[in-house]
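Notes for the one structure printed next.
First chain written, first letter: the chains are A, B, C, D, E and F, and each begins at residue 1.
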Amino acid sequence: MKAVVKLGGALFKRDPDVNELRAMGKTLAGFVGEGNQLVAVAGGGQNARVYIDAARKLGADESTCDLLGIGVTRANADLLRLALGGVAFAKIPTLLSELNQYTSAGRAVVLGGLQPGQSTNAVAALSAEITRADFLVNATDVSGVYTADPKKDPKAKLLRSVSVEKLLSWALAGNVYAGKYELLDPLALKIMQRARIPTRFVSLEDPSNITSALRGREIGTLVSYS
Amino acid sequence: MKAVVKLGGALFKRDPDVNELRAMGKTLAGFVGEGNQLVAVAGGGQNARVYIDAARKLGADESTCDLLGIGVTRANADLLRLALGGVAFAKIPTLLSELNQYTSAGRAVVLGGLQPGQSTNAVAALSAEITRADFLVNATDVSGVYTADPKKDPKAKLLRSVSVEKLLSWALAGNVYAGKYELLDPLALKIMQRARIPTRFVSLEDPSNITSALRGREIGTLVSYS
Amino acid sequence: MKAVVKLGGALFKRDPDVNELRAMGKTLAGFVGEGNQLVAVAGGGQNARVYIDAARKLGADESTCDLLGIGVTRANADLLRLALGGVAFAKIPTLLSELNQYTSAGRAVVLGGLQPGQSTNAVAALSAEITRADFLVNATDVSGVYTADPKKDPKAKLLRSVSVEKLLSWALAGNVYAGKYELLDPLALKIMQRARIPTRFVSLEDPSNITSALRGREIGTLVSYS
Amino acid sequence: MKAVVKLGGALFKRDPDVNELRAMGKTLAGFVGEGNQLVAVAGGGQNARVYIDAARKLGADESTCDLLGIGVTRANADLLRLALGGVAFAKIPTLLSELNQYTSAGRAVVLGGLQPGQSTNAVAALSAEITRADFLVNATDVSGVYTADPKKDPKAKLLRSVSVEKLLSWALAGNVYAGKYELLDPLALKIMQRARIPTRFVSLEDPSNITSALRGREIGTLVSYS
Amino acid sequence: MKAVVKLGGALFKRDPDVNELRAMGKTLAGFVGEGNQLVAVAGGGQNARVYIDAARKLGADESTCDLLGIGVTRANADLLRLALGGVAFAKIPTLLSELNQYTSAGRAVVLGGLQPGQSTNAVAALSAEITRADFLVNATDVSGVYTADPKKDPKAKLLRSVSVEKLLSWALAGNVYAGKYELLDPLALKIMQRARIPTRFVSLEDPSNITSALRGREIGTLVSYS
Amino acid sequence: MKAVVKLGGALFKRDPDVNELRAMGKTLAGFVGEGNQLVAVAGGGQNARVYIDAARKLGADESTCDLLGIGVTRANADLLRLALGGVAFAKIPTLLSELNQYTSAGRAVVLGGLQPGQSTNAVAALSAEITRADFLVNATDVSGVYTADPKKDPKAKLLRSVSVEKLLSWALAGNVYAGKYELLDPLALKIMQRARIPTRFVSLEDPSNITSALRGREIGTLVSYS
């Protein structure tokens, strides 16, 4: 199958956690080794935020901040590429249009951000669209989409499924700042909506969540299309 | 001053109207000739739609359709560049990050689309942000933002001003298809919102509307920020 | 075998004819699927002419007109690539020197124009030379080379074979304008002559003409070398 | 004024003649220093021939031979750039489309070959066309166009002027081999013809011939257009 | 004058110190504003080390580690570029060969690392060589070259001047690891030696040390050439 | 196995010796044909020296001289690529970071120099490091490392083995000039040292020396690591 996996910034700690990266790489490499095609998109995390904050204080516009953050996502993508080992393609693509040149069955291509104004969530959605992926898994530091913020509200309940329209209406309530994109920015959701990409949100704490989701297990939150 | 002008697809007819382009070029070149810096962003128009429709029927995903449309916007940008004459920079930028290398007072830089998933409206907003433009004029085939579709409803009234939040809520009701981006797609509005770019929507039928708006005349619809 | 096919602008209608493109794609993909290597070169057609005419009226030099036309041939190449489906390489090459990196048995690489001053006929000849193609088929809207213009003169007779020297002497009588290159421009013929590439001119109305010619059937006009 | 000068391979000896290059650089830099814009195109000469011959013996096709020769013309362009000193732009352009970004009054841009199938004479003609040059001087090891080969026939007479049509008919009698392009290949003449570029052929033995021709002196052979 | 300044990794803290960067930017911008040409080279610092360490633990070879470190130096260069404000060129060069295209009097060009196997000290030396800089200042977290490690040995004395041969013999005692290049790696010293670039080592704690050194004040340690 | 072979400038004669190149190509292609991966790095030789000398006399700095020399090594790489025939990859890489994209078992990738300040010996060492080569063979016009210059001193004895530290101390006695890099420049040795690459110096007079060394025969001089 053809899969796209977005690995949230939470995987890329201030001091990169090599054991965590190695475990993630091993699990994903196993999935690829079965003959699957994988595109993995690395988020920015704390290191991106630190550079973006400094740039903003130095007077940078948000597009320039985005470019700095993209640089960090590419460094993160390199670490993930190393953790994946031999199944990973040697180059980090920097243009969406080159992606289909590099993908193939039994191979993983890792990338970070691409352009200012696009979160890595949007990159993951576009990658799924242009590679005609069978499934997109968006892995973050929470187990999926909740009725409220699970870190603040103990009564928050995990939704088994949510419509893209509902996500869009939520996402649009927030603001877009470089390095502080919401769970899903409007662009990512719009792309998912137009391409009707089967998508699940899962937690990245346990790497097997991701491969379970790719193999059809009902875990985290499924996005539904009307 | 530093300005960004988005010229809607309506300027780029199926059979390019050389007189109309020449008039637009002359008016904008006059503005640039006064020592102003201009970034002009060309839309796709009917020729983009024709190629995108064919690609979609041939089974292309929307990202690939976007790439085809971007090709046409760059051809349109070339025509506009020619119409601008000597004040126009010789190259059509293809990455946002190279824009600031080419801009300067007394010079116009013309570009088309940049990346799949981004309308040329978003490109115009990002260009305004990264060049720290004083003003953005978005010129289309209608005189601004109306209470209803002025082509269908004779009672539609032109709004003198509208908040970015209102525009966002309207824009999000629609869907995102390559070549059929709404008046303003969510991404463009989000960028305008985060950068608080002073923006006016005007009609491109009369080129002087654009330069009037740049010179501070109250024409068309002004976007307000809370 | 290694083949190069030039598909004349007549295949790329003002409103792209999706059925015609699909039929062409299917036939050529069948040929590739047998383990052959194909380079297909797309011409410009009416859409290229429209942009070039506008540019020329706006005062563009012919090299700039060529560049605009090349943009349209690349959009055409993208449509053909889509019509070819899975056997087509994902990228449209833009430099002759990268062609040999992408070609392989069982794969088609599609390209358009490359550089000002070179027609797509010349690109096809150069592609045949650098890939050491076994055969070049040049498909246009006429059935081959005639003793006179078959659209004007009912007595015009199709030549079964013609020497490259004869073609050169004819081609050189005309003028070189962007978008109005003759059946064969001097450069294309010179390249064919120096590389002695086996070449046939056939009609593109029926896609099977092209594959028949590639399989050795005597159809259209064969170019002979002294 | 805007000028293009083609410097034939004869200027670039097997062992580069530094004094000759320095004299040429000084003369051309003087012309540029008066506020003129110059594009200088370097030919290949003996070093190009040596590499091309070896490549051909190793089984290379002519396009690959052209690419090797282009490499040598760029090394020659670098030497000429050094000889021009501070008025020369620091980069050797490799695409025709970037040329207009680098040219300006009081500056020289030096380049070599661009693409297989194009001689540096064609590059010079295309450069003159796209920069809208006022004059093109083609400097070789003979004083202009003769009625016969002046190196073999003592009765050969220098023509004061010759029509482009006549040159075309002569040029086409020969063959096109990489590194052995005739005085003027068909493509170069076709470009000169379509752009009607005022052109003179002069000897490069005395650098002042070139600047004299640029300043309007009747020296060498003038190309006439019907 | 033409200057090159290397800013050691100590300027680029784990959490970038915006005030320190702003002070450095202001001081250097003042120097540039007097009509001087500046190339500033940013080092990697702690953030580079963190990524390199993670990559090495994930099994990366040292060249790949170098590439990761180079990415961080470019992010640092972006921060410094922002701190320099309007006098800084908008692009971070990534190839030595493009540097001379961007430099000019009254402008600063900022860059980070270029290639694996080259420290940013070597980049600074190569930049000084290719721009023919009048002076190179290498600013680190110590006040210059000492007789011993001033952080460990209280009797360590600052040398007013030291020969390049002596530095070479010291530098070569150590090993080359990505992110742990010595004060000066052998390559940087070899380049300084071959180009005989006037060079001073100063402390970057006080930005005025750098401009003082550029203005000829005897501060830190001067490198002498035999 | 994965091998890197450096072919010294002596293989690339002033007038390229096609028979010698063909013999080398055939021998190396045989090795590749057994399923091995090869990276071959071409040196500059006499043609590089001629261009560098001219550039230096024209006032070029050493970095610019290096760039000219790199151009010649790439032309040499092209000849070697042709001599290798079908096992050779069609493109000469110009960045170290793209090397791993092109290498594979049963394929040879040929390159020349990469960057100013790096000899092709350093390029070979970096290539061995980043491709994790099992063995590096450095082939020059002498049979290995001697106790003295074998061309001058008849008592010079070939060393069977030498430590990298010893080589470093010798190499550093010399100076670094473009085109006159010592047997091994400091950078190449430092890279070998940090990556502990098994390396042999052999003569390139007999191509089978190289493949013998790759197959484990004790020939020439082995580099030892403490």
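Please note the rule applied: a contact is a pair of C-beta atoms (placed from the backbone, for glycine too) under 8 Å apart; a residue touches a chain by one contact, two chains touch by 3 or more.
Computed from a prediction, not measured in an experiment: that's the story for all the values here.
Undergrad: Determine the shortest chain-contact distance, in steps, between chain B and chain F.
TA: The distance in steps between these two chains is 2.
Undergrad: Going by C-alpha centroids, which chain is farthest from chain C? Tell me that one.
TA: In terms of C-alpha centroids, the chain at the greatest distance from chain C is E.
Undergrad: Per the centroid of Cα atoms for each chain, what is the distance between chain A and chain D, given in Å?
TA: 54
Undergrad: I'd like to verify one number: the distance from the centre of chain D to the centre of chain F, where each centre is the average of its C-alpha atoms, in whole angstrom.
TA: 36
Undergrad: Just how far, in Å, is the C-alpha centre of chain D from the one of chain B?
TA: Their C-alpha centroids are separated by 43 Å.
Undergrad: Could you say which residues in chain A touch two or more other chains, in rising order?
TA: Only 64, 67, 97 qualify.
Undergrad: Would you mind giving me the full set of chain pairs in touch?
TA: Every touching chain pair, ordered by label, is A-B, A-C, A-E, A-F, B-C, B-D, B-E, C-D, C-F, D-E, D-F, E-F.
Undergrad: Touching chain C in the complex: which residues of chain D?
TA: Where chain D meets chain C, its residues are 61-64, 67, 96-97, 114-118, 122, 125-126, 129-130, 132, 168-169, 172, 175-177, 185-187, 190-191, 193-195.
Undergrad: Could you pull out which chain B residues touch chain E in their complex?
TA: By the definition above, chain B touches chain E via 97-98, 100-101.
Undergrad: Show me the residue ranges of chain F that touch chain C in the complex, using the header's touch definition.
TA: Listed in rising order, the residues are 89-91.
Undergrad: For chain A, which residues count as touching chain E in their complex?
TA: Answer in residue numbers: 15-16, 18, 21-22, 25, 47, 50-51, 54-55, 57-60, 64, 67-68, 71-72, 74-75, 78-79, 82-83, 85.
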